[in-house]
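Heads up, there are several structures right after this.
Heads up, the next two complexes both have subunit A, just with different partners, subunit B and then subunit C.
Now for the complex of A and B:
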């Protein structure tokens, strides 16, 4: 029979191996992208326009297109995520309804991203006849990240001890005043963190926007909401299809690295936001 | 058949601050306060005592209707606050709660400055900066906290000790200008020294406010209460002046409980 010390050592070793394998995969992946991506990445690559279907030039409009999509998605998702989380946290008294809302939100999170693309194509393009538009892309990305932002905000609200609510109400504050003065400031970190994590996911998505919001080449700055944009993920996809062309492949690595840098910045900001905005409660 | 109204034993007739008429409270199917009809006197300290689960906090929280936000809670009967019905005698529930302030067992300061905590419930937006500063000073002085925090009003309230935080909670409640203060075991979470400081504060406030306090501490009740309400199993066993309840009561349950012996209600 193994002694307790041996069992502990074996268990710790198994955990170390799991950690090592996970880190090794991550380091290999990022290392490969860094190694290949830096060959293409330069200031001129960032600011110059793509030429020869992306095999030459840079990623200026793809970068701008991706940023437009996620910035507008962020603006669109905040009121809905905040409203849903607030309603779920502060106004739903029936447990059954609460569970129903939770189930809906979690189910929404499990929908494959291509389904959002298909939904956008059928509803916005075919039925509403809006054509290919970057705004539809932003709307679809906003719908896609809605569960992430809602759940993160709701969890921050749930973490507020009930005594804060009661203390505010006992002072004669209305429910709306209590929400404004107690709930919102103390759950802001959840909203911001969820939003940044959601955007970090959204900026790398291809499937939801592929049919309805983007063009693979020849697109510059959109002049209206009814025009498509080019984005980094669709650009990478287009370049990867020209894998026999070494220039296109090099630019694909460069675009991938740019995308990863943006994702890392958003994730890093989410981490900082959680630390900086989390309220210092006394209990 | 409704129960007869309970009057204070051992004291002269006083003006009542709170009257209950057939007050009952439930959580789901469980009746935690059974058919109470009584009057609590204005000013002074009335301590509600009794074993755990006797309905003390439910009764206290029924006075400012704070329990109504809890799912499954229901009440019957009438609560009169200075002759106005708590249900429909006020413009709205917020007016009732501003009139009947409440401090909880655990000090709960908001994650903002000491000054902002004091002004947290103040709704009058027309107050000038000077008037606000005066209100902060007045409230903190009333809560015997001014001298300790006057030099750091903008510091986070969470930096105060637990005893100071509880006094800040009282100051915050006083800033709203209530007539009645409900205190739900206000000294239970603080050390003995801070508890004594809070007792002194409560004694100082009793001339200006009607204080209704739930406590498990019998010695504390003896030290600070003017009147005592003894509950058991959601029913009033006896109510009277502190002197009567501790020295002259003939009821064995009251005698046993207040002498800190085992009480099987």
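Now for the complex of A and C:
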């Protein structure tokens, strides 16, 4: 048997070693991404087109494609998330039904992203015959972030004190007016924050869109909804698969850092939105 | 809430409209959002039907050979399990021990730096981890073990460990920090050593939340596609010997990522792939729901 003091010392060193390894991993990951990324990143890298299957040139259309996908996904997800949160917070009377809705929406969060791609391929590409189209990608990303946006909006609505609702009704507002004038403005921060967090996740996703919405080379600005786009994550995938070519690898790091910078901007905006838009209540 | 009969403008209305446009919109959205999951599961079930009810596919064999009519999914399931195990064996102790250090440290600056860099890491897309796997890990593994290719089970397991480490660290740290101070102070005043306070007081109190964190991380590891697909080597065979972690392999997700686009819609091949996806969804849903249950059981959140 080891004495208590020895055990205590051993444990303390185990903690230090674990922290040291974890720190080394954190530094390695962040360091590799920054160092490799900045070797490729430049203003001309961002605005010029990809050439030689991505080994030369930049990421102009990949960047645009990624932005189209998430902007349209945002437009698609907002009405459903808002309506669902509204129903959950203002109209559900039975707690059981409420929990049932929570479960069905929460389960969407547990579905692996590749399954969304498979689902999109079966339903939109094959059964509905849309072919490979960027719109399918937006639809799938919208479904993927629906739980995040809904939950965030619902939480903000739930945080509104009941006295606000009662006062509004007592002043003679109808339920609909109360929702429009009180609930929506008071929960806007939840919607915006949830949406930005969701989009930060959506823009980095590869698996849901790689079969249904994207093409690797020769894609520019889509002329209709039935055309594929090229995106940053699928571009990185294609470049990572030709990793023996140092030029392709360099551009893959450049595209990765650009993608991460967009993710950081979206997360940062979410942080700011929460702070600036949240109503100050003195309750 | 009661009926809104106080509105003066509606006082003349004999039948107060229960269903206005806004309510219909809210109900409609909720109905739609709740049905999506059924729609996804239903689609997968229908499409995997041919594979489930065909007799001669040998689904539970070890041979995957679509040209010869052999659709054994055991290698993929084995690959998934062994990679998850490697990732958990590395990331769980490392993550929990580091989390204890962070939670117990008195340096607010260290805490702040660590927590914000963990948040940054959590936002890194999985394809970027895949790139790190291709550019560094697989090369290190190949050189370290003198292999022809570094795209093997060990590399995929290590990469997954890197990916789930931030999740485990962040959530375990929250769990450990939320154990009331009084517990520690009482234990210390009884003369317990730091090690004993952690082992006998803090960890038992935070157990449910740490288990929840582990399950969530496991769920993420299970569904991870892009990073694994790039470093697994995509070989549809059981490694020989069975626990040779330096052999190439295949997981359910990497199989789906590689072959969905190649197999013809409606073919047996496609149907077997959908079936694999259904198995994957079943596992991840169970893990996610179990994790959720563990988190809500925690007395400190109630």
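Heads up, the rule we're going with is that the second predicted complex is superposed on the first by the 255 of 283 C-alpha atoms of A that agree within 3 Å, B and C clash if a C-alpha of one lies under 4 Å from a C-alpha of the other, contacts with A are read in each partner's own complex, and residues count from 1 in each chain.
Convention: a contact is a pair of C-beta atoms (placed from the backbone, for glycine too) under 8 Å apart; a residue touches a chain by one contact, two chains touch by 3 or more.
Everything numeric here is computed off the predicted structure, so don't read it as measured data.
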item	value
Partner chain in contact with A:248 - subunit B first, subunit C second, else both or neither	neither
First, second, both or neither for A:19, with subunit B first and subunit C second	second
First, second, both or neither for A:182, with subunit B first and subunit C second	first
First (subunit B), second (subunit C), both or neither touched by A:279	first
Residue contacts on subunit A - larger count, subunit B or subunit C	C
First, second, both or neither for A:169, with subunit B first and subunit C second	both
Touching partner for A:260 - first (subunit B), second (subunit C), both, neither	second
Subunit B and subunit C footprints on subunit A, overlapping residues	165, 169-170, 172-174
For the subunit B and subunit A complex, residues of the former touching the latter	64, 66, 69, 71, 92, 94-95, 97-98, 101-102, 104, 106-111, 120-121, 123, 156-158, 165, 169, 172-173, 176
Contacting residues of subunit A [partner subunit B, same complex]	93, 95, 161, 163-174, 177, 181-182, 185-186, 279-283
Residues of subunit A that touch subunit C when the two form their complex	4-5, 7-8, 10-12, 14-19, 21-23, 25-26, 29-30, 32-33, 36, 79-84, 86-88, 90-91, 100-101, 103-119, 121-123, 125-126, 143, 146, 150, 165, 169-170, 172-176, 179-180, 200-201, 203-207, 210-211, 233, 236-237, 240-241, 243, 249, 252-253, 256, 259-260, 263-264, 267
Footprint of subunit A on subunit C - complex, ascending	1, 4, 6-10, 20-23, 25-30, 32-40, 43-44, 47, 93-95, 97-98, 100-102, 114, 117-121, 123-128, 130-132, 134-136, 162, 165, 169, 193-196, 198-199, 219, 222-226, 230, 253, 256-257, 260-261, 265-266, 273-274, 277, 280-281, 284-285, 287-289, 292
